[in-house]
Amino acid sequence: MSNYFYILWIPLLPLATFVILGLFGRKYLSGIAGLLGTASLLTSTILSFIAAKQYFFVDGKVNGVFQKIVALKYTWLEFSPNVSIDLGIIVDPISVMMLVVVTSVSLMVHVFSLGYMKGEERFATYYAFLSLFTFSMLGLILSANIFQVYMFWELVGVSSFLLISYYFNKPSAVAASKKAFIVTRFADLGFLIGILILGFYGGTLDIGLLIERFTAVNSVHYISITGASFLGASMLTWGLTLVFMGGAGKSSMFPLHIWLPDAMEGPTPVSALIHAATMVVAGVYLVARMFPIFSMDEAALNIVTYVGAASALFAAVIACTQTDIKRVLAYSTMSQIGYMMFALGISKNGGENGLGYMASMFHLFTHAFFKSLLFLGAGSVIHMVHSNEMKDMGGLRKLMPITHIAFLIACLAIAGIPPFAGFFSKEEILTAAFHENKIIFGIALFTAALTSFYMFRLYFNIFWSKETSATNHAHIAHGHDNHDAHNNHGEGPWVMKLPLIILAACAVGVGFVPFSQLVTSDGKALETHIDVIFSIAPVVLSVLAILLAANFYKNQNNKSDKVASAFGGLYTAAYKKFYIDEVYLFITKKIIFPFIGQPIAWADKNIVDGFMQLLAKTTAKISELIKGLQSGKVQNYAMYFFGGIAILSILFLYIWK
Amino acid sequence: MQDIPLSQILFVSTFLFFIGMYGLFTRRNLITMLMSIELMLNSVNINFVAFNKYLFPDNLDGLFFTLFIITIAAAEAAVAIAIIINLYRSHNSIDVDDATEMKY
Amino acid sequence: MTYNILILLRQELALTVLIFLLLFIKLGKDRSNENILNFINAALLINLAAGFCCQETGELFNGMFNTNTLIIFEKNLLNLAILIISMQSYAWLKNNKNVIEFYLLILTSLLGMFFMISSGNLLMFYLGLEMSTIPLAAAANFDLTKRKSSEAAMKLILSSAFSSGILLLGISFLYGTSGTLTFSILTAHINGNPLQLFAFILLIAGFAFKISAVPFHLWTADVYEGAPVAVTAFLSVISKAAVLFTLVNLLYKVFTPIASTWYLILVLLAAATILIGNLFALRQDNFKRFLAFSSIAQVGFILIGISGSSQAGAASLIYFILIYIFSNLAAFGVVSVVSSLTGKGNISDFKGFYKTNPMLSWVLTIALFSLAGVPPTAGFFGKLFLMMAGAAKGNYGIIIFAALNMVISFYYYLKVVKSIFMDENASPIQKLEVPGVSKLAMYICVVGVIVTGLASVVYDYIYSISIGL
Amino acid sequence: MNLTLLILLPFLTAILILLAKGLQQIRVIGLIGAIAQLGLAGWLLKSFLDQRSAGNNAAYLFESNQTWFKSLNINYHIGIDGIALAMILLCAVIVVAGMLVSWSMDKLSKEYFFLLVLLSMGAYGFFISLDLFTLFFFLEVAVIPKFLLIGIWGSGDKTKSAMKLALMLMAGSALVMVGLFGIYYNTHTFDMVQITQQGIPVGVQKFFFPFAFLGFGVFAALFPFHTWVPDGHASAPTAASMFLAGISMKLGGYGCLRIAALMPDAAHTYSWIIILLATIAIIYGAFATMMQTDLKYINAYSSISHCGFVILGIGMLNKTSINGAVIQMVSHGLMTALFFAAIGMIYSRTHTRMVAQLGGLLKAMPFISTVFVIAGLCSLGLPGFSGFVAEMTVFMGSWQNPNGAYRLATILSGASIVVTAVYILRATGRAIMGPISNEHALLTDATWNEKLAAVLLIVGILIIGLAPFLINHLIIPSTDAIMLQMAKVNQLK
């Protein structure tokens, strides 16, 4: 078992970049900030590829099983002798896989941003935040301790907050960032309590130990946690569900998804990195990390499954109706993550039944590439058009050929058309679903069809539809960001094209990675084969969906509107995102603020403080009342004198003899 | 002489005392109030003398005390009257109710 | 025998000599006030110093008069107080043509107090009491032209005459029930029969009147307000202190058999006194009146301390009096300077005082903090030890009550500080030229206020010489 | 190492300030004094750790015990354990920062700095004293400077706030006094060490614990005695608010801890009440904060909520939670001081603290805004900052108590971190981000002294946040000792 200590540098390099840029970037390094960040990240990427090679192909496997290797463990904060936050590095298939994904996507985004964010006033800050995010994400995936996960979880959240609110003078961006942070924070509360529960019964916070203890059916910990129950559900279920709540929040699962579409206010590369490829899959990753424990508890798994499936469908439906291209992509992300979730949910731990797990991870892997590709493509489109709205676009295929091709590939990939990446992973998921749960399978199939429909709706709307030329894009341009200086820059500089090309290549290629050999629930290789007969149905479905989309949107016509009006209420509901936002707004603005906040504030001013004031006032009043004693008449004084004597005498001569 | 019991003398003195007190409480004229106080003091004198004569005839503490009370009462009266005169200068009245500027 | 008299009576004799000197000076050709005042202050200083010189103790006139270390110390305290007062009233007396009469009056009264303190016999006690009271009434009327002054004097003389009447009735009944006036013998005859209890209550009432405990306090405010500041200071510090010393003496030495009774009485009086004193002090604007009520509240705390009826009780009382002399006189000093130079005597006049007179403001503030019992001033220790002594009895009801009342008292003390430092005022009191002597007196007070508390040796000494029940 | 230096140095500084002439001299002396104090504290830390590593495991180090009032058995007994040391360091840091931010205080500057130093002196004395009498003495020493600082240099309805603060704190110390008398007359000593050795009869504990604890609770802004906090902090000048929230509220927490350690049985009996009040304070404070519109009020109310965690940790009475309480005291001290410093800087430039009237300050004053954001993030418990460490420790500790009600309390308090996020982000989003108004666009950024102050505090926050094992290493032995005492006294009954 060789030494993986150098993995430590993979997160540390971005951290260093963040510190340097954060302290001095603004003043001194604003010129070279981008290069600096990119360079450091390039190094991390190379390192992580080395790590991947070493782990998967050199010494990760010991007699046919990929080992969990704890490369580093340092007690950071000790709560009590055996319960402590340990900063550690765990090396196992999924973490290594994630390493590769995160670093490479992040690298692409760094490169892309060199062009996209060029000339921004807070260029250095931007790269500082990017590095911060990359660091936190890497820390998150390398965590060996559940509390460490939580820490980096929060850091990821805050860096996403900072990046979304990058255009801080845009109120909508600020609002979006607030929403994102608060919603995820709310979910994290669940996560925290889940951790507390698991940690209490498990007597440790180390994930490895937790798994060990909770998977051993006759261990004291397992018995105690399953024995204890609350509202009918065992503490294990509670703990896992709450942990999953955290995951759902980050992965924008229904009903905690509302922040994701708004988060698109951030710069597009950021959306590509955070809200498509990496952070949003953290939830999936978390469930996968804890999967052995999840697999011990049917109830929790079911929750995962149904939440995942629901989100997948729900998001797909909405995505069909949105007109802001980034929002469409956001919803598609949500839907794809839903895929991964329920894939995990239906999976079992180990062996053939672990197919779902493997498939989910596989989809996560492929999705990262084509989804970031989609976002970056959208990015360069927006960069050109200065608008997120479909209506401002159309016929761009001539103006930006490379983007066009890349986007097309990505669409095909997500639609699951062979031989593109999405096809393979999706097939695995569908197969797993088919074996485990027919209802889910149905939903999955339908969602797949919807996916290809809305993706190509997007594609045709951008690149085909009405024929327009670059010039009048310049007119419609309303400042998406401070780029109005230079309008007709075509597809932008090569730094923006290069990532598209590379990612497109990945979107084609990564499907052929022998994933099932490498990443499985139990580390053993899993023999899978693409069953052609089985895969006909979904492919045909998506092809049909694509044709439908082409029919609707390839040229300008009003068929789509007809259909929309045919659906009527459903359409508007979907267009309005099923009014979830409104519900949240109602709860916060109409319930929490007026019925909890204001009463408390009022009570504090008038009751609690009022009581103190009352004491003071009463004292003053009493002293006003009794001032008559001091009448100024010496005779009254004498009488009071006598009265005093009388009282004392009565008391001591008659009462207390 | 011996057949007057102590209790009756004490009764007289107490009665005197309360007459004095009553006078002090009710009369508005400062001089009269001063006189009422003298009454009280005198009742005390009677007490002392009576106690001394009836209960402890073998030493004369009571009598002496009486003498001192009388002298001091005189001194007190002197000062008091001086003050009252001065009050009259400033207030043009020796009615106690006119001298109630300071109150509350 | 004569030698003995000279030694044991030395403090009284010193005063007497001084009084006669003053008389002669008065008869002789008139000198400038400055010289007279300087002479008097010097004399008082010597008198104070002499007080400490030798510690002979013993008794005279077969027990009518007796001194011991404690009593000597108490008398020295009073000497100190009168020195400070006379120094502070310099500004006031400088242009007063009857300066010598003033000193004759207050020194006589002080002499009476000395006799009262060391009295071993009810007669002597009564004589001392009256000797100290009657001149004060005259002194209260010292501003002959002021209406308030004469009204104050009238109230003082009448009500004190009344109270001494009551007191005498009590004494007569004590005599009637015990047949003796000598303390040492009296103790044996105290057997708590109703008449005696009644007599005792009358006696206590007489004392309560002098120390102005509720409900026998009503004269205090008016007299304090009307009388000249110096006299007010004298009343509020010296006469109170003297009577308290005597009271403790009586309670702890003579009325031991009915200790349980007088404990209750004291607690009741204390509670009433603190409460009423505070409630009235809240509303006052006239500074002297304010100080009057605050001093009433202080007496309540003192009574709590006495009720502890332990050595610590007596010690804490004397310790507190010492501190009280410093802090209260510092306050009165500032007031007297201000009122004699500007004629202003209301708290509201002190708004923005800090802008013009920082030094006086700090003196006043420190004094008030000490009265309020805020560390590091000595008042903190004084009050705390009084309460501790009271708490020794295990009756925490009164302690809690007093503690809560302390908060009220903080309010009104801080209110003054507030008006000095924080309130804006278009026309504050102008910059004052404080005479050096008064300044010196104030500094003495401030130093005393700071040192007396932190230097534990003071308290330990007092403790060592004081006696418990 | 004579701890009395900790009192003498401020005393000396105060004297020098009184002698100094002109703002320049005064503030320089003040700053030098503060820095010297910080150095002293640092040296103290070093020698403390040396002693410990040398194997000196006495509960209190650097003890010295002089008789003060012999006849009353009152002693000047001083000594520190890890907790006290942590508090002392906190004070030292905050004092330096406070001196720096009040660099340009030109109104009655002599008195101002004098009072600041006096206040810090009281705090140091409080933390080093092992004798309840001296403890109480210094507790009250620290009150009056607050009154004057707020009343004279404050803003808004200053006199009223000052009066309210002084009175409530005095009421608190009055309660403490009663409690102390109770202890004294049942153990015949004020010496905490002796008291812990001989223990206090249970009945006595039951009767006097509430007085002492609630008394200190008033200082620690325990619900419902917290009403002095908002007005006081809001009216106080910047440095004073820093001292107030950073130091003097800690006096309360520390006192509560000591009292709980002295009367363990009563503490166990009443712990549910303590926890109830603490939980209310946390939730209630958080929601009240959400409704505030004035930056200083926001921070003041959030202080109520955060100090609730201190009391909660103490009330849970187990090692971890008490650790958490201590860390929370230090963390909150630094964080809230930083917050007030930032607010003060903003206020001194914009002359308004109303969130609604601010906006987009990040553009005009990036440094100050960054400081503000950092303080905010720390206050909402972001990992890497001290707040996270403290709150998580408290949670872990309180969760160890399997009692359902306590669990509920923990969860509710946990919920407050969401609310915290809400109000912090609202304030930040409105004041720091968003479009900037024209008259604010031209304002200048922080000056050197303000920067220095902010950096100092931030460094403190980061040290705890990034390397919590350091402060744990400092305080855990002491908390162990405390738990041991409590256990021992329990057996003793």
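Here the chain labels run A, B, C and D in written order, and each chain numbers its own residues starting at 1.
Note that in this section contacts are C-beta pairs under 8 Å (C-beta built on N, C-alpha and C of every residue); 3 or more make two chains touch, one makes a residue touch a chain.
Being a predicted model, the structure only gives us computed values, none of them experimental.
Trainee: Out of A-D and C-D, which chain pair has the most contact pairs?
Mentor: Between the two chain pairs, A-D has more contacting C-beta pairs.
Trainee: Averaging only over C-alpha atoms, locate the centres of subunit A and subunit D and give their separation in whole Å.
Mentor: 37
Trainee: Report the inter-chain centroid distance for subunit B and subunit D in whole angstrom, where each centroid is the mean of the CA atoms.
Mentor: Taking the average C-alpha coordinate of subunit B and of subunit D, the gap between them is 65 Å.
Trainee: Where the centres are mean C-alpha positions, what is the separation of subunit C from subunit D, in Å?
Mentor: One centre to the other, that is 42 Å.
Trainee: Need the CA-centroid distance for the pair subunit B / subunit C, whole Å please.
Mentor: Result: the chain centres lie 27 Å from each other.
Trainee: Please list all residues of subunit D that touch 2 or more other chains.
Mentor: Touching at least two other chains: 167.
Trainee: Residues touching two or more other chains, restricted to subunit A: which are they?
Mentor: 616, 627, 630, 632, 634, 638
Trainee: Give the residues of subunit B touching no fewer than two other chains, as numbers and ranges.
Mentor: Answer for subunit B, listing residues that touch two or more other chains: 24, 33, 96, 99-104.
Trainee: For this entry, which pairs of chains touch?
Mentor: All chain pairs meeting the touch criterion are A-B, A-C, A-D, B-C, C-D.
Trainee: Provide the residue numbers of subunit B that touch subunit C in the complex, in ascending order.
Mentor: On the subunit B side, the touching residues are 17, 20, 24, 30, 33-34, 37, 40-41, 43-44, 47-48, 51-52, 55-56, 61-62, 64-65, 68-69, 72, 75-76, 79-80, 82-84, 86-87, 89-91, 96, 99-104.
Trainee: In the complex of these two chains, what residues of subunit D are touching subunit A?
Mentor: 164, 167-168, 223-224, 226-227, 230, 284, 287-288, 290-292, 319-320, 323, 360, 362-363, 366, 377, 380-384, 388-389, 392-393, 395-397, 399-400, 410-411, 414-415, 417-418, 421-422, 425-426, 429, 432-436, 468-469, 472, 476
Trainee: With touch defined as at the start, can you tell me which subunit C residues reach subunit A in the complex?
Mentor: 154-155, 158-159, 162-163, 166, 194, 197-198, 201-202, 204-205, 208-209, 214-216, 218-219, 221-222, 261, 264-265, 268, 276, 279-280, 282-283, 408, 411
Trainee: Going by the contact rule set out above, which residues of subunit A touch subunit B in the complex?
Mentor: Subunit A residues touching subunit B: 627, 630-635, 638-639, 642.
Trainee: With touch defined as at the start, can you tell me which subunit B residues reach subunit A in the complex?
Mentor: 21, 24-26, 33, 96-97, 99-104
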